[in-house]
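Labels run A, B, C and D following the written order; every chain starts at residue 1.
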Amino acid sequence: MNVIAKPAALDVAAIRAQFPILSQTVRGKPLVFLDSAASAQKPRAVIDAMRIAMETQYANVHRGLHWMSERTTEAYEAARDAVAALMNAGDRSEIVLTRNVTESLNLMAHSYGSLLKPGQAVLISGMEHHSNIVPWQMLRDRAGIELRVCPITDAGELDMDAFETLLADGKVGLVSITHMSNVLGTVTPAERIVQVAHAHGAKVLFDGAQAVVHRAIDVQALDCDFYAWTGHKLYGPTGIGVLYGKRDLLERMPPFLGGGDMISSVSYERSTWAAVPHKFEAGTPPILEGIGLKAAIDWVQAIGYDAIAAHERSLVDHALARLSAIEGVHIVGRAQDRGGVVSFSLDRAHAHDVATLLDRQGIAVRAGHHCAEPLMGRFNLDSTARASFGVYTTLGEIDALADGLDRVRTFFK
Amino acid sequence: MNVIAKPAALDVAAIRAQFPILSQTVRGKPLVFLDSAASAQKPRAVIDAMRIAMETQYANVHRGLHWMSERTTEAYEAARDAVAALMNAGDRSEIVLTRNVTESLNLMAHSYGSLLKPGQAVLISGMEHHSNIVPWQMLRDRAGIELRVCPITDAGELDMDAFETLLADGKVGLVSITHMSNVLGTVTPAERIVQVAHAHGAKVLFDGAQAVVHRAIDVQALDCDFYAWTGHKLYGPTGIGVLYGKRDLLERMPPFLGGGDMISSVSYERSTWAAVPHKFEAGTPPILEGIGLKAAIDWVQAIGYDAIAAHERSLVDHALARLSAIEGVHIVGRAQDRGGVVSFSLDRAHAHDVATLLDRQGIAVRAGHHCAEPLMGRFNLDSTARASFGVYTTLGEIDALADGLDRVRTFFK
Amino acid sequence: MSDSFDDLRDLYQEVILDHGRHPRHGTRLAAFDATAKGDNPMCGDRVQVWLAYGPGETIAQAGFEARGCAISVASADLMAETVAGRSKTDARALFAAFREMARTGTCPACEASLSEPLDRLAPLSGVHEYPSRVKCATLPWHALIAALDGADKEASSE
Amino acid sequence: MSDSFDDLRDLYQEVILDHGRHPRHGTRLAAFDATAKGDNPMCGDRVQVWLAYGPGETIAQAGFEARGCAISVASADLMAETVAGRSKTDARALFAAFREMARTGTCPACEASLSEPLDRLAPLSGVHEYPSRVKCATLPWHALIAALDGADKEASSE
């Protein structure tokens, strides 16, 4: 197996050298990690930032009047600045730091959801992750908000005609939709979604958990109202997520969780809330995680999204070419605009068996419903295998996957 | 200044050697860190566990069929076992891992709170952290649940007569009370609280954020229904918290956040929930944080709570003796049973100025309302300064604090 | 890359491939005394087991329908083959022993009386090296036990 | 340990200790044209500022009540002393300059015309080394600006 990259726009070998885990072996074989869409590996810069914080500069933040606390507060708040810059937010106060994108979406369903009136609707799509389905179902069942689902085409793209029709009666208060499918790889037409939604009086929230890994996001250019993502997929640590919201909207929203840090004053009768974004950040924040995420963002910015996108395009093209050439492999999702995620099934073997047999060869792919059961149903599938790519993925690793699949297919005769 | 410990039951010098941060200087002075109640420093074991996970063994958990995911799932789930063992929970499924204790308490207010009926009440005490006040206020305002507050005595202890009276009408469905005050150091009589509450048909939830750092907790011996705490105060990382709940109660409770990992099946019409504890754990969990917390628990267990408690007693005795001897120092909270937290005010200087002038000498204490405004009001204070201790705190550091306060007092003439 | 499949065979032995592909008992029983479903929410595997009871406290016949991987289908099939004609008590003991074997690779404390049927299930013991696949192997057994219990709730492999 | 207090004086200069202990303007004005409160939720400091306007667009007099630390009281007192007799425009410009000084220690871009009043405020510039105390120093100014704006909402030092 050959894991030397044919360099695309970036020097993959140099990048790989920054990920200690990539030199591990698995079951005696060199690790071929093709499960980055579930969670990405962490570069040395992130590992070191967290370690150094714990070794030299750590205390609780925001309320400390001493040196350690002040320095740690600066380091933590620098994460907010880095996120704001990454997304081109108009103001750092528009960045709420959460636990993961799932919490960001739940925060929205509770807080923004409480501003919706019975009779209004939330519109999602047919290719959402459970995290962008279940919170809205719970809102529906709790508050009588209708839940609408925009269908997708056989190619796995959003059906924009249906989208417009579903908005036509003006009842949709919020569109909450993925910016990139974690199963199909489809990148949704965010600008058009915003334009059409706004034209019908609906606000737009994007689940950017996958998209932000592969594309530069400019929330002002998009003019979206909210945008959520999760740190651990962008080479950062677990335990931190992001919710961007336009300031005036965040200000109108009630808090979600109550506790320390999110208050202005507390008495038993009545409490008042801190200014945004702190109103939404109850309790000790993800301090070390913020420091790690800042390091991840700096690291991604140093590589640059142009280089990342170009590299990814070459990976996807190569993967589609190689996998399509294997008899019995069926690729799910053929969107025009797509990111570094390829789902497939094999005629002779169940996806779980495929994953295990690839794992036996050191190749890590995911298999299952990928937290998107309704989408599986749309394609009459129970599960697929999924290979997903990071900046460190090489064309050689995709060749290893293709060769591995060949073996699996032969093995299952 | 002399920071060599007179060894109590444990070898403080050896312990200190395991905390890289403790050899730092602050403003040119050796760091004297007396703000552990806000967040504790991290031992080498925790730093290494997280680093090594990122370097050698990381992937998303629970749904991965490949080696990295399986090993990471094992490592993460071992945190649940460690927590269960630490608290002597009857079953590992009774341990819900959250983001911090604030989230644990909000989970309770939303989920258990939704089982309470208008007319029922929640009983808290007069010495709660905002995190154990605000979620219940929000529940009150949302669902018409009464919020009762048990007064405390001038010594800063729970008024047990009033406690019983407040339960007498049988309307209290849940008692949510601190096991140790983060301001007064008071340890509340947990066994009696549970007995009295159960006798009146109320369930009991403890906010053990502080208590678990200083005492061995045995939830089965206590017979409490729920017990919550937070990882970063127990020498673990930020971003992870704990909610213990009796299994039958957890099973009756609806989920809180919706998303990946907490479902059994999802369709647009209806979703069904995973078994406890996963029902309460939506989205990618705090994987690295779980691994860090497990290391912290192992480390604490190796020292042993007996040694920790004995060491802490000697620190508190010494601190009370030294600080009381300084003219103009007023100690807030004189409970019989108390942990390693001492709040005080100085006649000549505001607590913020005290903190800054101590910081100038390298001594980190906290000053403010400590997220307990109503408690401050009870003692007619706006703020106090607070020194709080960890296993690594030495008697010499307490001497440094006392000497520093002397200087502050002289400085303010 | 090696041309032999030795490295893939530690889990997928021939008997598993065979039973996975051509299950002998993969049908619903026309007449049955008990049935139950099993469901692995993490991966979407589902199985339903039907039992026909014989004289005494025995299982005369077992059948199943499964939607899942080769391991779960093979396990269901080997289970159906193994429990047919055995007492309900034996079936429960076999489950306990099998679960131990699936988790650890062996069952040192297993009753000698179970050694013959356990041998038949032994090809599945390789799953212990693939913790996430243990559930695939035990899922049909959970459904079996649920059917024996007469439980009307779904079994889960957790 | 050193016996001198040199190390403590970089922030708490004599003038701050003095104004903190004995504020000259620490009272509510009997007759006033504007007032506003300021509130620092993170530490609990609170201040209220009263303004009496003079002819033209000037501030004739300022008074305050503060609950807080020496820094915030001294800052409020020095502010009241400094803005009295100045135009509202100057007071706003002074706030901008003072905020810059409190955050960074200097104000290189500050207008020369402000140098005299800024000198009076200079003892507070030491807060820039204590980021959490910057708010203590700027809180009274936030209240002042809120009073000038005729805002009825509370100012916060965030």
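Here, a contact is a pair of C-beta atoms (placed from the backbone, for glycine too) under 8 Å apart; a residue touches a chain by one contact, two chains touch by 3 or more.
None of these values were measured; they are calculated from a predicted model.
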Winner on C-beta contact pairs when A-C is weighed against B-C: A-C
Chain whose average C-alpha position is farthest from chain A's own: D
Distance between the centres, which are taken as Cα means, of chain B and chain A, whole angstrom: 31
Whole-Å separation of chain centres (CA-atom averages), chain C against chain D: 77
Separation of chain A from chain C, taking each centre as the mean of its C-alpha atoms, in whole Å: 37
Distance between the centres, which are taken as Cα means, of chain C and chain B, whole angstrom: 45
Sequence positions of chain C contacting 2 or more other chains: 42-43, 130, 133
Multi-chain contact sites of chain A, meaning residues that touch two or more partners: 27, 63-65, 69, 263, 265, 352, 356, 359, 367-368, 373
Touching residues on chain D, where the partner in the complex is chain A: 39, 41-43, 130-133, 156, 158
Touch list for chain A against partner chain C, complex: 1, 27, 349-353, 356-357, 359-361, 367-369, 373, 376, 382-383, 403, 407-408, 410-413
Chain B-facing residues of chain A, complex: 20-21, 24, 26-27, 31, 33, 35, 38-39, 41-42, 46-47, 50-51, 54-60, 63-69, 99-103, 105-106, 109, 129-131, 133-135, 137-138, 147, 149, 230, 232, 237-240, 255, 257-263, 265-268, 270-271, 282-289, 352, 355-356, 358-359, 363-368, 371, 373-374, 377
Interfacial residue positions of chain C with respect to chain A in the complex: 1, 5, 7-8, 10-12, 17, 20-21, 42-45, 67-71, 130, 133, 136
Chain D partner contacts - residues on chain A that touch it in the complex: 62-65, 69-70, 73-74, 263-265, 274-275
